[in-house]
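Shared chain: subunit A. Partners: subunit B in the first complex, subunit C in the second.
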Partner chain A sequence: MHIMEGFLPASHAIGWYAVSAPFVVAGAVRLRSVLRDKPEARMTLAAAGAFAFVLSALKIPSVTGSCSHPTGTGLGAIVFGPAVMSVLGVIVLLFQAVLMAHGGLTTLGANAFAMAIVGPWVAWGVWKLAGRMGLRFAVAVFLAASLGNLATYICTTLQLALAYPDPVSGFMGAAMKFGSIFALTQVPLAVAEGLLTVVVIEALSGKTRDSDRIAALAGEAR
Partner chain B sequence: MSRRSVWMLLGVALIIIVPLVMGGEFGGADAEVAALIEAREGFAPWFTPIWEPPSGEVASLMFALQAALGALVIGYVVGRRHGRREGLRGKDGTTPPTV
Partner chain C sequence: MAEKLLIGLGFLVLAVGLPPWPGAALVAVAMLGFTFAGARVPVRLWLAAVALPLGFLATGSVMLLVQVGPEGPALAQDGVAAAAQVCLRAMAATFCLMFLAFTTPAAELIGGLRRLRVPAEIVELALLTYRFVFLLADEAVAMTAAQRARLGHSTRRRWLRSSGMVIANLLPRAMARARRMETGLAARGWQGGMRVLTQRRPVSVGMVVLVLVLQVAVGVAATWG
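== the complex of A and B ==
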């Protein structure tokens, strides 16, 4: 879900642009250094962007009787770290805002913060934590991608609640109200995204030991 | 494809099929939230999309295009890596790491 065009007050729209901009600039710098230092990673980078492209195009029915879509930003965050995905995520958001009237240009900053920054950072954090806890590879990838997906939607919910607090129950009330629509819908989709991320990482890295997969994709092992 | 991947893809299929069997209207969750906001007194979006797909058909064309482009790239990368490993394996008999 992206916040629709014109749905955030101008002050919020500008504020989110300002918050997101440094992350995207840092991401662009990081992206350049990945391309320069690890030319072998170029293919994986293209695939990570493409994965976000595919997944955010799929509107999937959920148990609540409504549809939503995954984000696909966890894969790139796991392999390259979260910064790179801020750039790739913004490209996806721009495509959808301009060609599909899905999301918007005024809300691009806010949507980028949710999908291209918070989601990837959470995915990366969970991935690192899971590694430290010694969880199995597939479990770690699954958790990282699923929780990254959920984090994106929680962020969107809070952004909307901040812009439109409930007249009676305030920010928390609005967050609960918007969240009740998203949360249940999104849980099965987050699971689907987690599973698909493991499948695609496996397909991209081929017949390799689990412990070598990410290093191979990141262009670190030869 | 590993057995693990096959099971996980079956799981994804199940996640999509179960809601369809349970039934529902399956509108967008984002549209539901938008309706909540639009119902507020005095709300009007202050900016409208610069271009909108003229119909649901054209919108679905755009979504299909987006998915197809992404799938094309992923398929290309998977195929290229696979082919490269196969090619290298032929020469020295060992499986090299992914490149």
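== the complex of A and C ==
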């Protein structure tokens, strides 16, 4: 769910840039240290970023009849970890904005926060938590990917509500308004992305033991 | 390059920073002029690209028309004015972004990142990502076409499964390609730098003056108009 160019007022646009910046800088520092240790990870990471970009161009069916696209952040966060994913996410968002006019430059900060920071961290957190609770592998992947997607959507909703509070019921009312309209497409989409990610990871990792699967996927980039 | 950034980013700042009426409206008109008369962007292509953001704008601004009170949803008092302002600003800003999107090749974008002192590793990563996007997109398009031809999208269930298969096939291919490219470059003694030539065109003073005069005019008109 990209917030379009110019939809946020100037003060909010700047504010979200400021909020996202520390996460992205931390991710960049982490990325540099990964690359210093293993220069060969560069290609893998670039391929992963491109993969996320291509995913967002791939349409998947959603129950309400609308088509939407997966975010791929859940998959990326599980495989590569959330810190690195924040940098990759910003690169992808920048390309989407400047090369495809999808998203925007003034809203890059807000979009980065929802899609490259909140989504991956939630997905990763859920993934770790589910692992510790001893849930089955497929269930853990499903929960991580779909909750990560849902978190992104909730974050976007709150960002919009913060920018345009309801004249009567204020922030909460606006959150309900934006939330209910996007829920039509986003909740089924979150479920779809969860299922999709399970299918992908199952297909990718074949018959290896559950605990080894992610390590096998991440290869040298971890 | 310099003129283009001045046009695109300059008007973008004006669109977001100035009061929407008449500021953003003037910016929108100016940007349409630069896009079609200046950069000669094909109208059909432009319309296809602008449809998606405008769809978002339609749903988003409907929300501003409605207010939710204790007695349920109702039409907001100043909803029309608020929605019109947001629409104007977002449209003007989108036109600026579309102008940049249609006139900026990735090499220039990467060069710009370099000049902004983004760490070299990140810039290289961005460049490589861009390179991979097209390789992967080609493969994804081919795979999707093959699936469609075999009724792979005939039901929702199958569609989801087919998409899963595309993605599942795409990721290992992407990784394999990445490894091959890495090996190939390592064999040639690659140190991790990728320099690309960007064409340096001389800055046209007339154009810069025209753009600046227009921007100042829009700013003045919007502030005191």
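Everything that follows uses one rule, which is that the second predicted complex is superposed on the first by the 185 of 222 C-alpha atoms of A that agree within 3 Å, B and C clash if a C-alpha of one lies under 4 Å from a C-alpha of the other, contacts with A are read in each partner's own complex, and residues count from 1 in each chain.
The rule is simple: contacts are C-beta pairs under 8 Å (C-beta built on N, C-alpha and C of every residue); 3 or more make two chains touch, one makes a residue touch a chain.
For clarity, every value in this text was computed on a predicted model and none was experimentally measured.
Of the two partner chains placed by the overlay, neither subunit B nor subunit C lies in contact with A:Phe171. In the superposed pair of complexes, A:Phe53 makes contact with subunit B and with subunit C alike. Look at A:Gly104: by the touch rule set out above, it reaches both subunit B and subunit C. With both structures placed on the common chain, the touch criterion links A:Ala138 to subunit B but leaves subunit C unconnected. Within the superposed three-chain model, A:Val200 lies in touch with subunit B and with subunit C [touch as defined at top]. When both complexes are overlaid on chain A, the residue A:Ile91 reaches subunit C alone and has no touch with subunit B. Shared-chain residue A:Tyr17: touches no atom of subunit B or subunit C.
In the superposed model, A:Pro188 lies in contact with subunit B only, and not with subunit C.
Residues 2, 4-7, 9-10, 40, 43-44, 46-47, 49-51, 53-55, 57-61, 63, 95, 97-101, 104-106, 160, 164, 177-178, 181, 192, 195-196, 199-200, 202-204, 217 of subunit A are contacted both by subunit B in one complex and by subunit C in the other. Residues of subunit B that touch subunit A in their complex: 1-2, 4-5, 8-9, 11-12, 15-16, 18-20, 22-30, 32-34, 36-37, 40, 45-53, 59, 62-64, 66-67, 69-74, 77-78, 80-82, 85, 95, 97-99. By the touch rule above, subunit C contacts subunit A in their complex via residues 9, 12, 15-17, 24, 49-50, 52-53, 56-57, 59-60, 62-64, 66-70, 76-79, 82, 86, 89-94, 96-98, 100-101, 104, 106, 109, 119, 121-122, 124-126, 128-133, 135-137, 140, 144, 156, 159-161, 163-172, 174-175, 177-179, 181-182, 186, 192.
On the side of subunit A, the complex with subunit B involves touching residues 1-2, 4-7, 9-10, 40, 43-44, 46-47, 49-68, 95-101, 104-106, 138, 160, 164, 177-178, 181-182, 185-186, 188-189, 191-192, 195-196, 198-200, 202-208, 212-213, 216-217, 221-222. Against subunit C, in their complex, subunit A makes its touches with residues 2-7, 9-10, 13, 28, 31-32, 35, 39-40, 42-51, 53-55, 57-61, 63, 70, 87-88, 91-92, 94-95, 97-102, 104-106, 160, 164, 166-169, 173-174, 176-178, 181, 192, 195-196, 199-200, 202-204, 217, 219.
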